Amino acid sequence: MSTLNSKVPGGPIKDKWTDYKNHIDLVNPANKRNIDIIVVGTGLAGGSAAATLAELGYNVKAFAYQDSPRRAHSIAAQGGINAAKNYQGDGDSTYRLFYDTVKGGDYRSREANVYRLAEVSANIIDQCVAQGVPFARDYGGLLDNRSFGGVLVSRTFYAKGQTGQQLLLGAYSAMNRQIARGKIEMFNRHEMLDVVKVDGKARGIIARNLVTGEIERHSAHAVVIASGGYGNVYFLSTNAMGSNATAAWKIHKKGAHFANPCYTQIHPTCIPRSGDYQSKLTLMSESLRNDGRIWVPKNMEDVMAIREGRKKPTDLSEEDRDYYLERRYPAFGNLVPRDVASRAAKERCDAGYGVNATGEAVYLDFKSAINRYGKEQAKITGISNPSEAKIYELGQALVEEKYGNLFQMYEKIVDENPYETPMMIYPATHYTMGGVWVDYNLMTSVEGLYCIGEANFSDHGANRLGASALMQGLADGYFVLPYTIGNYLSNEIRTGKISTDTKEFDEAETEVTDRINFFVNNKGTKSVDYFHKKLGKVMWDKVGMARNEKGLNEAMTEIKAIREEFWKEVKVPGEASEMNPELEKAGRVADFLELGELFAKDALMREESCGGHFREESVELDGEQKGEAKRNDNDYAFVAAWEYKGEPADAVLHKEELEFKDIELKQRSYK
Amino acid sequence: MNLTLKIWRQKDANAKGQMVEYKVTEISEHMSFLEMMDVLNEQLVNSGDEPVAFDHDCREGICGMCSMYINGEAHGPDRGVTTCQLHMRMFKDGDTITIEPFRAAAFPVIKDLVVDRTSFERIQQAGGYISVNTSGNTQDANAIPISKHAADEAMDAATCIGCGACVATCKNSSAMLFVGAKVSQYALLPQGQVEAADRVQNMVAQMDLEGFGNCTNTGACEIECPKGISLENIARMNRELMKANLK
Amino acid sequence: MGGFFKSSIGRKVAMALSAFFLMFFLLQHFAINILSVFSPDTFNEVSHFMGTNALIQYGLQPVLIFGVVFHFVMGFILELKNKSARKISYAKNHGAANSTWTSRNMIWSGLAILAFIVLHFIDFWFPEINTKFIEGDWSGLHDGEFRYFHELQEKFLSPVRVGAYVVAFVLLMLHLLHGFTSAFQSMGATAGRKKTLQNIGKAYAIIIPLGFIVIAIYHHFNHIH
């Protein structure tokens, strides 16, 4: 075990980034033309990075597995993006955003990175508005904000329920401008299958053209991985079907440490699972918790009656409802952070109070909000003594204006009208805070290999606050990486064009081709999905919202067994030299089967509860916080970065000790 | 429920394709259409056949990847949804469902139900952006006040997911709803004014070059658009182009 | 500007402009024809003016012919181009789910109207041209009386012709039901005016062709020997 150097610059936290930028080496414009950069992934992080690097003058090659950069899964983010603009004058500041993020992340993130994130956040909004992103505005024509879970100010900017889409389209438009200028060469429908290292430095990738099946070599002076998170290790998650960990896992196998894989965010407001055929889970924006109240019945008889269809949720009086978040966390109520809200739902459902047939659902009720807004609107419109029906009508109109698209989405999927009956929700895997370890420069433990956005172990510690993923992706891509990568590339101006005709490229290509040939030639009996579902079940049951030593040990053994069976029994129809979605899936699931085991190993090592990682052995035993997660700062205030050594179980732990100089370590209390 | 599926199968871009019939059984009405396709594919893999290739990704109606022509309609018979949001409760036991790829000369088939929509990419590259550097050295976001009305309208236009249902639906394979939406988003915002004339001219020129048909105002695109992009955006594009040419 | 009319949108605008012109022509044609129901004398006078005025005959008449030919030729060109934008057609297409029959079949209603115009030319226009430009008879008289009203009634004697006339105008009605608002949409009419334009369009598309039909039937049954 060694200690990792995070390369955080010295000086007071508020000056670090400015000083750093003032003192780094720059590449002059004439030399930038001779430098190539590969960007894998074109979501918010990759797209913004590719556009900015191209704008600076580098030659960028960008890769996406979809048919267009605009389809990356950043597009699905609904709620909004945080920025410390303090437009509302409610006391927001860079420091407060920094503080909220570190606290929200349960004190497991790197202070300097988070401060930098908070510092550049305001600039993101300026940038996006200049690009024509149609953020919501108030009647005065100024930008509107909403509030989000875990914080006490309104700092979230939004574009209806489609903020991620609009921000991605902004980055995509910036990319298009550079593609038109020839500064970005775009490779759609391409998947990176390995990184190529020459003399210890990342010098290129091997990619598969998903249309023709051709294996291609691409060289560059630096490689940037922006391939998103690994939530699909659970099979069911809110990620896109194609979201995968392959790029991140391949670089891990080539020397990049993988950090904190056990930090996974389970999002509290998703539509519950309805059957075994389910292919993915649908998230509804957390913004719903601004106005929705979460409850389950107080009495078991009512639970049974509802499950059997004898009673409707609307039949239950206020006294018979358990608004458990408001009961347990009076200060934050329904707006507690995601991990807390998710575990509370699991706690109630495990106790048997789940309200649908699977027993895994709680109610999200807008009745009070409709009533409250209705009365407000009646006052505004000057209606004295409004009738109940009028209040309801006015309130419903306002709720529709705020959340209409989400309500409609819910109705399409569940076939129930959420204005009339409360929605049912249940937590689902959503975001992975863990990922490839990077230093302050966003460089991985391999020289010249960078990792940005959700793919890195990131700035969110053990739990991410709502509306912070978009912020981090764009901060990394627009404002951080373009500086830090220049510092590295300033030493590469004399390198010249990098040949792909070398033994390193030969070896990497052979490895990739061998694996593909294995899949298409293997005489197995079971489909790729069979193994993926099996892995997902183990992950959800034993490495899900609550974990314990016994379960984690079992999970490691079981995942290994599934992996071994996979390599014997997997069946991939079709050929290598054609479009072959089953082959693509096989490669991705093979990597998940390794990552899953490291995930469990990391969770087993971390004998504390923090953020999205909850160990049943580590809870407060008494006092006001009884039953809440118990962190162990003495032994676990570090980043766990794992080095690949063949089998996932043999991975070697490297620690990056976390120092908290500007924020006092405290127990997160939302009571 | 039990269903008969007639699906377009085509080995690759150059092969000749044909409709092939399949049967699926025990389909739940709560499944999404793509989950029904998953069931079919699992069945095909298990019997040693090649599964049907189709584009899909987010499965929550926002990425714009899914692209099937179901029973004669883009994204199927439901309104305001993409194929991934179409649920089997829209069909009845014993139904025969015809599934084809989006058809347009500018969207050549790659395989089975997968089509190549890079023509859309090239249209966007021709001018679907505001030429502002991503340096962050822009003015404060609130220094450009935009009326709520204009911002909301721009947002409505920007909601387009680029799926191509408009082209697939249009009897002329016209891409005007898609292009109109992008032109409109920027035309409605002050930031987009500087390049407005060049933008609309270049994007329309590229659209024509790609071989999309012309708009005859049938309005089918608006009805089939999963995001309800309004025909008004086409009218606005027409105005913008006339304005650009009168300058 | 030259490039504009080569673009897809420019061609739409050209179609719309020629359509406006033709719709205006149709309106004045109707206005004159309806006179025949109320006052044969006024009808004769106006017809004579239209038929002999130099500006109309040498100026507007060629413009009108150009307008008609342009609208048809452009319509065919666009139709062919639009057809070629989809090389393989759908095995199953449910057009009725999202658009009206009239909007999808403008080419067919247009062709029928073209066929009618040919008939109309044979009936009225060629004899007129023959009388005036070949025989050189610009008097407008037949047996000392204006011939226009008489000729009109003559034509509507045949029930077959009246039948063809009715069918053609029903198709024109369908063509206009889509064409009127479509032309405005092509010209970029705003959403705010859409509803009003749709209503005016509907009224125009129904009233004018119906009026022509009424005139034909009226003369068929009210023939003065």
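Labels A, B and C are assigned to the chains in the order they are written; within every chain, residues are numbered from 1.
The rule is simple: a residue touches a chain if its C-beta (ideal position, glycine included) is under 8 Å from a C-beta of that chain, and two chains touch if they have at least 3 such contacts.
This one's a predicted model, so the numbers in the text were calculated from it and none came from an experiment.
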Chain closest to the assembly centre - both centres taken as Cα means: B
Maximum centroid distance from subunit B, chain identifier (CA atoms): C
Centre distance in Å when subunit A and subunit B are each reduced to the mean of their C-alpha atoms: 26
Distance from the mean Cα position of subunit C to that of subunit A, given in whole angstrom: 63
Whole-Å gap separating subunit B and subunit C, where each centre is the average of the chain's CA atoms: 37
Interface hub residues of subunit A, defined as touching at least two other chains: none
In the complex with subunit A, residue positions of subunit B that touch it: 11-12, 28, 30-32, 34-35, 38-39, 42, 44-46, 48-51, 53, 55-65, 78, 80-81, 85, 87, 89, 110-111, 114, 116-118, 120-121, 124-126, 128-136, 138-142, 144-148, 151-152, 154-155, 158-159, 161-162, 185-186, 189, 191-192
Residue numbers on subunit B that touch subunit C, as the complex places them: 6, 8, 19, 69, 71-73, 77, 98, 100, 103-106, 169, 171-174, 176, 204-205, 207-208, 211-220, 223-224, 230-232, 234-239, 241-242, 245-246
Footprint of subunit B on subunit A - complex, ascending: 48, 51-52, 55, 66-68, 70-73, 75-76, 85, 87, 120, 123-132, 134-143, 159-160, 162, 165-166, 169, 172-174, 176-177, 179-180, 186, 188, 211, 238, 240-242, 274-275, 277-280, 282-283, 408-409, 412-413, 415, 478-479, 527, 529, 571, 573-574, 578-582
Contact set on subunit C toward subunit B in their complex: 1, 3-4, 7-13, 78, 81-95, 97-100, 103-104, 106, 178, 181-182, 185-191, 194
